Amino acid sequence: MERPRHQGMAKNTYMRWRLPLVCLLWEVAMIVLFGVFVRFSPEADAHWEEEKHKMNLTSDMENDFYFRYPSFQDVHVMIFVGFGFLMTFLKRYGFGAVGFNFLLAAFGIQWALLMQGWFHSFKSGKILIGVENLINADFCVGSVCIAFGAILGKTSPIQLLIMTLFQVTLFAVNEYILLNLLHVKDAGGSMTIHTFGAYFGLTVTRILYRPNLEQSKDKQGSVYHSDLFAMIGTLYLWMYWPSFNSAISDHGDAQHRAAINTYCSLAACVLTTMAFSSMLQKKGKLDMVHIQNATLAGGVAVGTSAEMMLTPYGSLIVGFICGIVSTVGYVYLTPFLESRLHIQDTCGIHNLHAMPGLIGGIVGAITAAAATEDVYGKEGFIKAFDFTGAYQMRTPGVQGGFQAAGIVVSLLMAFAGGAIVGAILKLPVWGDAAAENCFEDDIYWEV
Amino acid sequence: MERPRHQGMAKNTYMRWRLPLVCLLWEVAMIVLFGVFVRFSPEADAHWEEEKHKMNLTSDMENDFYFRYPSFQDVHVMIFVGFGFLMTFLKRYGFGAVGFNFLLAAFGIQWALLMQGWFHSFKSGKILIGVENLINADFCVGSVCIAFGAILGKTSPIQLLIMTLFQVTLFAVNEYILLNLLHVKDAGGSMTIHTFGAYFGLTVTRILYRPNLEQSKDKQGSVYHSDLFAMIGTLYLWMYWPSFNSAISDHGDAQHRAAINTYCSLAACVLTTMAFSSMLQKKGKLDMVHIQNATLAGGVAVGTSAEMMLTPYGSLIVGFICGIVSTVGYVYLTPFLESRLHIQDTCGIHNLHAMPGLIGGIVGAITAAAATEDVYGKEGFIKAFDFTGAYQMRTPGVQGGFQAAGIVVSLLMAFAGGAIVGAILKLPVWGDAAAENCFEDDIYWEV
Amino acid sequence: MERPRHQGMAKNTYMRWRLPLVCLLWEVAMIVLFGVFVRFSPEADAHWEEEKHKMNLTSDMENDFYFRYPSFQDVHVMIFVGFGFLMTFLKRYGFGAVGFNFLLAAFGIQWALLMQGWFHSFKSGKILIGVENLINADFCVGSVCIAFGAILGKTSPIQLLIMTLFQVTLFAVNEYILLNLLHVKDAGGSMTIHTFGAYFGLTVTRILYRPNLEQSKDKQGSVYHSDLFAMIGTLYLWMYWPSFNSAISDHGDAQHRAAINTYCSLAACVLTTMAFSSMLQKKGKLDMVHIQNATLAGGVAVGTSAEMMLTPYGSLIVGFICGIVSTVGYVYLTPFLESRLHIQDTCGIHNLHAMPGLIGGIVGAITAAAATEDVYGKEGFIKAFDFTGAYQMRTPGVQGGFQAAGIVVSLLMAFAGGAIVGAILKLPVWGDAAAENCFEDDIYWEV
């Protein structure tokens, strides 16, 4: 059993039986559920040859694999290396950052394949999975990685697994409401991934508020090389974000456009981040925290609209604003949230995901509401917003309204879900560390 | 000449003339052999326009480049960054890990292009290379990187180049026996790459046994940041393994399926690795060695079967088992192999590649034997196992038997080849360091 | 205001108003110019559905996005992680290396989209951008990253932004002269990117000559882990260079061939680099500086010819030579340039980009001059050199001559441009550090 360094706050962080039990039981559950439900989609099944004849396809190139696999791999890198390394900035929590992110994401993608599968890929009793499902599972887990950023260093691996279980479930429900019931567009997940994930995580960390956290304040900082490790995470997120926002868009122009818009928004965001990082500091020096995080806000904020006709200059404007909002958030809002609202947000996800996610939802609503047949072309207009079937009479203005409703639903789901899950995680049986042992790898790792 | 720190075991590790001579002579040999033999495949040759007419192709998209290049780049990253950084965990051997891996792989891919070319791409006196050859060359070198893991820190760069020369040669022979003579399927190389590479390396390190290696025991550990560097390697191997196992599968469903199966197997493997890492440790803490390595065993173990109809839950089961086997191996088998069998396995390749490779071969044999026309479809069945020409009467059961034979052949080739190459490397002229100078960069590098 | 450590050379490195002003004003200018000029290309525009009908395309796969996006992402990684981390080798300048590279590249790609757009993608008053424009913008910025290597550690971020503004402009002019007026082939940019970028940077650093730079000599070295961070940059450049040289080649065989040639050249280069690194050192030990840099020269040197029928063995020869030239350059030429010609070249770009770039231009000229219809096929010959329209009578010999002229033009542009820009950067208002504070992050960064 771990002996805490100081007296008085001894907590049982011993993981030996609890962690293995959770991991093994849950993995067995996954195997059983996969056995009952999960099969290959026609494009991944050995019957594909017959399928090709049926669909009159002449080339294997028409297999969705070739449209999406490169983007999938970029997204995969963002989840595991991007988020994992972004959080290694803490001087003594690198193992936890990369390792626990690895653990929760590996579990989360399995559970997400099931949850999202039941909602979206369920056919005659089976979930049929292909490359798009893998991307969506990674997306879903992305929202958990975001929430992890708020509680980084303060939770046990078991708490993280429990949070993952519930958050993935709620994510899938929220996503279903938005995409299927409200018929909202959100290919890059400004609402479903960022807004939901961030406010969920902020609610959880609020409920897990630790009044004595200043006891581990000395460990909350970075050292020179830990900041360089974190830059690996930053850059991979930044570079591959165009793939993230375009990964599940329609084939052809939509994917193409989403990548370009995201590229533009991110480029602008770097300049305003640098500007405000220097400006808000008495000595005028740049702060690595801002460079590591706020430079990414531009990608978050075009998550909904990137596949629409946002245009390159529209993207620049969004990125311009978000670099500022995010950097200002790090300087003024994060301390305020901690001191006044008791929201201890280790990575500042409020600045990187919550606010830019909201902006992204709003930009998406406006861009949708402003859509015209002139700008999109007759066919393009219908295809872009999927105004077919039951939705063929929906107008851009109405679509904009539903998009806005999607933001509200995501927020409500995040607050309610975060409150419940936070309460569960507060139970004193999950092995989290005492306040003076937070942000320290040697509680859970052999160092 | 290098002065060893302690008296008595002085060894000549001076590389100034030996290393340049080997590098330059061998590279000249490559140039001559490439000049005589290597040309572009029709899809990379400027005559492609005429080829397109001949083959009645209407789109450049049908060029194999677009089917395989993204996977090729992922595999390339695995070989150079994945294996290179995975081995940087040693506190004072980061340059050797990344640098020597770089050297041997850069030489190895050239020699592999020739060796594999003679066996598989030889047409009217010329080896015709395209993107698939590049992938296969990387694969072949992968088996050398694996063997390098066993002798990491104990060999000179010249020894590594010599081992590469012989191992690539034997790899190509073994691969030819399996793929062409036994007509075995092994797209992700459980047998040809992992089983062969690992047992080859283990045999070599057995023969190079160093009785006094405990003299450098203090340098065999890691430091905090070296473990983070190693996690870069781990994650890139883990993330891109779906590309590895699908890179040379048939176009369409086979590539698609191989990626999904591997993704599933790897996800499950992470959970059981974490579980057993914690469980097998008195204090219940996680061990970075396990996280860095055993999490990858799931990728190794579906190397043969990933392109088959293993199914997602089948993949989860394989990953589940391999995370356990591999972690248990690190805790109990590695010390046993060292103390009883005198096998000093620096990176524990027995746990990451040898045992999971064997499991992968067996899983492949079973999956092949269990194949039915019902599961694969009539056309899919023939295509999946290439039951055409001389093999059109082969049954799944027989195929399973040949798959099993492939494991045995790979093992025999590995033991015999490893013994011969180990004996050659034992000659006292290659400039390896004394036992007390192992695992230390400043023998071969300016530090 | 920053207090320099030593008396006497106090310089005002205070960035608080200057840097934000430049960043914000320039970004606003970008938004305005993008608003006036930049729109989506037909393949990224929502009218694509109609476009498909018009062009008689039956599949979304024919969208250029799928031909080039994977290569684009690889190039993107090279620019931001490759160049960024390659320059982290300095022990106390990691933030500046990665962070300033990030800043200048993020600005540069926007300005490059405009400049290159006006020259190459301007249609009825609008610049129409697609994935190829993103690649070209990254390429253009690559030449700025190269020049940054020469002045690394000695300039303020404002100087870097100013250099980027001018260098991108000149790059676009030079590129236009070469590609459009001289009708020269240079898909991988041996001339436009490397020769131009390197000699431009060397001229700038010559003009910014600092006689007292030895005052910060102790900070110009590396430490163990900074060298490992740099190897991340090296390996990503090395692995993805085949994508770089093939990214904008013609669809089909040209992209395929360019990747293979580059792969071969880089492999050979590693062996001769290792050979000469050991040979030129009295103790025969390998030098990380060479491994980090000279191993890449082979990619630079096939930048012009990779898409031509250089052949694999031709590529090996080029790589063989460049590994030697580059390593010898690091050992003998860099000190000579500094002591005799007062060219202080922090990263040794003369060895990695300048000389190999020249060689690349020459190899390209020779390969073009040696082209025959026999080797390329009738159609392939015309397609490879775009001998259509006004150029349909051009012979290979003449093409070779124009290629050679391209080298000369690039050199002249680099020298003239570098001299002018160097003079501008010499003005004492841009906030560069005193000689004793060079190569130190804490001038511009919170550390």
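As written, the chain order gives the labels A, B and C, with residue 1 at the start of each chain.
Please note the rule applied: contacts are C-beta pairs under 8 Å (C-beta built on N, C-alpha and C of every residue); 3 or more make two chains touch, one makes a residue touch a chain.
Only a predicted model underlies this, so the values are computations on that prediction, with no experimental measurement involved.
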So which chains count as neighbours of both subunit A and subunit B?
-> C
Which is it for copies subunit B and subunit C: same residues on both faces, with over half shared, or different residues?
-> different
Go ahead and note the Å separation of the Cα centroids belonging to subunit B and subunit C.
-> 33
Junction residues of subunit C - those touching two or more other chains = 59, 61, 66, 70, 225, 232
For subunit C, which residues are in contact with subunit A within the complex?
-> 1-2, 14-17, 19-21, 23-24, 26-28, 30-31, 34-35, 38-40, 43-50, 52, 59-61, 63-66, 69-70, 73, 76-77, 80-81, 84-85, 88, 92, 94-95, 98-99, 102-103, 106-107, 109-110, 113, 129-131, 134, 157, 225, 229, 232, 442, 444-447
Complex interface listing, subunit C residues touching subunit B = 59, 61-62, 66-67, 70-71, 74, 224-225, 227-228, 231-232, 235-236, 238-240, 242-243, 251-257, 259-260, 263-264, 266-272, 274-276, 278-279, 281-288, 291, 295, 309, 311-313, 316-317, 320, 375-381, 383-384
